[in-house]
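Pasting the structures in now, so scroll down.
You will see two complexes here that share chain A, one where it goes with chain B and one where it goes with chain C.
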Partner chain A sequence: MKSLLQAALVIAILSAIGFLLGPYHTDIYRKLLLWIALALSYNFLFGVAGQVAFSHFTFYGVGAYAIVILVTQAGLPLPLAATAGIVLCVLLALAVAIPATRLDGFYLALATLALAQLFIVFLNEGGELTGGSGGLTSYRLPDVGGITLSGPRYTVVIVLLVTFTWILLARIDQSWFGRACRAVRDNPQAAAAMGIDVARTRVIAYALTSALAGLAGMVYAFVDNTVSPPIFGLENAFLLLFMVIIGGSGSQIGSVIGATVLYLLPFVLSPLIGHHHALVFGVVMLLVILAQPRGLTGLWAARPWRSR
Partner chain B sequence: MNNPPGTGSAGGPLLAVHELTRRFGGLTAVAGLDFDLHAGEVLGLIGPNGAGKSTTFNMIAGTLAPSAGQILLQGNSVGGLPAHAMAARGVLRTFQHNCLFAGMSLRDNVMTGMHVGLASNLLGVIGGIARVRTAETAARARADELLAFVGLADAREQDVATLSFGQGRLLETARALAGDPKLILFDEPAAGLAPAECERLTDIIEQIAARDIGVLLIEHDMRFLLGIADRVVVLDHGERIAIGLPEAIQRDPAVIKAYLGSTRGVPAAGGTHA
Partner chain C sequence: MLNRALTAATLVASLALACAAPLATAQSQTPIRIGIITDRVGPAKPYAEPVTLGAVFAAREINAKGGVLGRPIELQIEDDQGRPDISATMARKLVDAGAVMIVSLSLSTATQQAQTVSLETKTPHFTPSNSGDTLTTQIANPWFWQSGPLGSAQVATLLSYARARNLKRVALITETSALGQMTARSFREALQRNQIEIVAEEVVPGGATTAEPQMQKIRAANPEALFMAGVVTPENVLMLRAYRQLGLKMPILASYNMSVPVYSSVAKGLLDGIAFVDAFDPARPEAKRFSEAFRKDSGTEPYNLHGYGYDGIYLVADAIRRAGSTDKDKIREAMQATRGFVGVMGAQGSTYGFADGRRTGFDTNGMVVRVYEQDQQGRVVHTGSR
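Coming up: the complex of A and B.
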């Protein structure tokens, strides 16, 4: 009950912010929320389950393109299109993870890098279906139950996505499955001796987080009402990795902090130092990893002035 | 003395291995091994370096598949099943070099050992249904009980990194017990322990056996083993050279020749590592 109230309060506050912002800040706010949603699910995959995968943005893209194609080209009703999009993400995730997790973790990294590159090629060469390098444009979100979800109302949808992602992952993390994921990450051999099916645990964690990325992608599709290849490339996949590491991998609050800091940093820095912000970014990144492998949350936990 | 396959119901052995064999290329590490183990019994497995003890152990734990032969658990053939399936059937183990989950508290380590009992539909977890929450609360209480049993109750919230080697060994024992074992495999549990810790572990193993759990123990420390084992199997070059009561084993000429002839704890010639 208490946690439900907390969730309602967070949703109310985050939504209220959406109603206060002008168009420019609304755009930044929405994208920040989407980065947070992605960082949360990537944190579970990378930080909790210990899988080095570079496909998170690919699934974000699969979700985004799938819903647009299914709604505009296949003419499916929105709920059906959304369901089909999730199913597609899960199937694709299984197709990647089942062979890759049988091998060493290194092969998952390779397989997901290949998938990420292939996806970009597919988007660029997809002709009518994907709109090629220009992507898909000039579509809009169909009304949902007679309500037009635009402006601040759509920001509420994104807030719901973030809270849903948070709650779902927090529950899983604090359950037998979260412990199994951490055990597999730390010591697969000992995990197996505890009765944990290592391959199965890895596949489920990968499919689950990939589906969450796909869900976020579906929500993203109607933020700009355009989807195009560059967004879903490797550059953003690496940024996501940095967000999780900087925040403190394995920690949900760390992911929120990491996503917020790294997404907003360029907005703060570029007026001050122009394009050098990329340099500052790199240096900050390096310092954090060297000083505290557990990221900003680790830095906080180990604060020297802490009274014991 | 061995029951034929399929007759391991009430009164039959908990574990029976028949003609168990494992080859590594041209090397036969375990050659046609036979023994059985009853519920509540402590069976020692000894032999010089390279005798095939760990290989035997790994086949029973499901880490290695046998090249030939049978492993029967309560009469059911389980040879070749993977480690997680063996754990699900109640065969749990500790590791020779502690294998704890770093970055987890002691309690979480023990709760991880309850995986098989706790694993349920993930949708129930996501939905936060009451059954999942009650199971989790009960598991937590049980973990604290087990930590108290091995004498680590005070440290339950601590990170495992804070433990000494001996405490880690005790934590592994609690974690194995968390899986509701029928059979526990200990790989050299006394190695690296201080005398007081050794006594504590002997006590714990005796209590485990008293709960009708079978215990299979690899050990180099003869004094430790002879004080605790009900029976002992002696391996040399992958073959069983003796089986019987500890006192009889100590006097067995073949054993003395292969193993006990040299200074205690130092294996006979043939397998000594630098």
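Coming up: the complex of A and C.
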């Protein structure tokens, strides 16, 4: 009951912010929340389950394109299209994850990198289905139960997505499955010796987080009502990885901090130092990796005034 | 009593006038804000930066001549990092800041995403440099215009040059980037439409260290000319090096990418005789005057990309002047009514205009084919796409 009330309070506060901001700041706020949702699910895959995969942003794109194609080209009602989109993400994730469980570390990264590249080629060459290099645009979110979800109302949808992602992953992290994921990450042989099905654990973690990324993509598709290949390019896959590392791999609050810092950095620094913000980004990355590999949350854990 | 009242009234009126005069002056000095979205760190930076410099130079020149409607123009420049989602965010920032027009100089896809904002907020939006063919067709946005030459125009111009040379059998080479593949596809389709046989088609993979195997196959096919559709500089340089090393003699007809002057330094000794499509004719009087003024102002030699930004700001300023106010509706009407605007870009005699409700303003016959001479971009050898 207490946690339900806490969740309701968080949703109310985060939604209220959306009603107070002007158009420019609302836009930044919405996109930041979407990055946070993505960072949370990627943190589970990379930080908790220990899978170095570069396909997370690809599933964000699969979700975004799927909902637009299913709603505008196939004419499906929104709830059915959303369900079909998630099923598509899960099936695709299983198709990738089942053979990929044979791979580990560097090789898994390469395999998922290839998937990410393939997806961009598919988008560019997809003809009328994907809109080619120009992508798909000029569509809008259908009314849901007679309600037009635009403006601050759509911000509430994004807040619900973030809260749902946080609660779901926190629950899973604390469950036997979360502990199994950590065990597989730390020592697959020891985990197997304890009776954990390593392959199954990896496949479920990959499919679950990919479905969450797909769900976030579906929500993103209606933020600017346009999707195009560069949005789902590899640069963003790397940015997502940096967000989790900077914030603190394996920590949910770390993912929120990492996503917030790296997403807002150019907006804050650009007016002050122009395009040199890219340099600051590099320096921050180096400093964190060299001085505090546990990320910004590690700084808090290592605070000198901490009571012993 | 009446006199006192009259004196008081005169005093009050004089005071009011005295106070209002600086206000009116201040009003006339309030800058007209034009928002620019450019890419300063992302993939479009090499192209967006010179276009932005041309725009800044144009604004300075306009302000030195007294501005527009008696007010200076102020460019608010925002960086979208070449990311479409950030481009839309920056468009919102510019609308919030009171920009009367948004000028997009970043990637075509970024401009497209920013259009969702200009359409929603009814803000005039314009790109002088994007060449994407679908920017004005994919979104029905009456607030958006495009004045750069379309990708299809460059293919048509190059094909017109090929027809003039009576070419029947050609080879096609490109690299593996998405744009390189897309350009090759446009070339292929246009060649097939014109019944010109493609006797060899080769691709140089990204990261390759040589293009000799591909060029050897092309040599074996014995084409009358080679169409180069690559847009990535290192791979294009490999193609040119292999072409020279194998002593090939067939003429090269290159894409618009070869009009960027970086090749003069990175492909020294490899360029002579290569024909490329361009939208800049250095012999055009307006281009000459612009080059001279830019050189004097910045100490550097301008090229085609600077010209796009320069023309873009002059086009916008002209529309605001004809609108007679900064009202967005009036600017939209004036922009759409643009006809016969003479800029520095395009073949001699070509002009910009948005006739018949079109929102693409570059003269479809305004592109040229130029040749490299002594490693420098040289004279025009062909004009137009007819």
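FYI, the second predicted complex is superposed on the first by the 308 of 308 C-alpha atoms of A that agree within 3 Å, B and C clash if a C-alpha of one lies under 4 Å from a C-alpha of the other, contacts with A are read in each partner's own complex, and residues count from 1 in each chain.
Here is the rule we go by: a residue touches a chain if its C-beta (ideal position, glycine included) is under 8 Å from a C-beta of that chain, and two chains touch if they have at least 3 such contacts.
Just so you know, these numbers come straight off a predicted model, no measurement behind them.
**Q** Using the superposition on chain A, decide if chain B and chain C clash or fit.
**A** fit
**Q** Tell me which partner A:Q189 touches in the superposition: chain B (first), chain C (second), both or neither.
**A** first
**Q** State whether A:I172 touches chain B only (first), chain C only (second), both chains, or neither.
**A** Only chain B is touched by A:I172; chain C is not.
**Q** After superposition on the shared chain, which partner residues are touched by A:A84: those of chain B (first), chain C (second), both, or neither?
**A** Neither partner.
**Q** Using the superposed model, measure off the angle between the directions from the CA centre of chain A to chain B and to chain C, in steps of 10°.
**A** 140
**Q** Does chain B (first) or chain C (second) touch A:I204, or do both, or does neither?
**A** first
**Q** After superposition on the shared chain, which partner residues are touched by A:V280: those of chain B (first), chain C (second), both, or neither?
**A** It touches nothing on chain B or chain C.
**Q** Examine A:P230 and indicate which partner it touches, taking first as chain B and second as chain C; both and neither are also allowed.
**A** A:P230 sits against chain C, while chain B stays out of touch.
**Q** Once both structures are aligned on chain A, how many angstrom separate the closest C-alpha atoms of chain B and chain C?
**A** For chain B and chain C in the superposition, the minimum C-alpha gap reads 32 Å.
**Q** With the touch criterion stated at the top, can you tell me which chain A residues are shared between the chain B interface and the chain C interface?
**A** Comparing the two interfaces on chain A, one with chain B and one with chain C, no residues are shared.
**Q** Under the definition above, what is the set of chain C residues touching chain A in their complex?
**A** Contacts found on chain C: 40-41, 43, 78-79, 81-86, 88-89, 92-93, 95-96, 107-110, 112-113, 115-117, 121, 132, 134-135, 138-140, 178-179, 181-182.
**Q** Quick one: in the complex, what on chain B touches chain A?
**A** Residue positions touching the partner: 61-63, 82-84, 87-88, 92-93, 95, 99-104, 108, 111-116, 118-120, 122, 125-126, 128, 132, 136, 175, 179.
**Q** Quick check on the complex: what are the chain A residues that touch chain B?
**A** Counting only chain A, the residues touching chain B are 168, 171-172, 174-177, 179-180, 182-183, 186-187, 189-198, 204, 208, 250.
**Q** Report the residues of chain A in contact with chain C in the complex, numbered from low to high.
**A** 22-24, 27-28, 31, 120-121, 124, 131, 133-135, 137-138, 223-226, 228-231, 236, 266, 270, 274-275, 277-278
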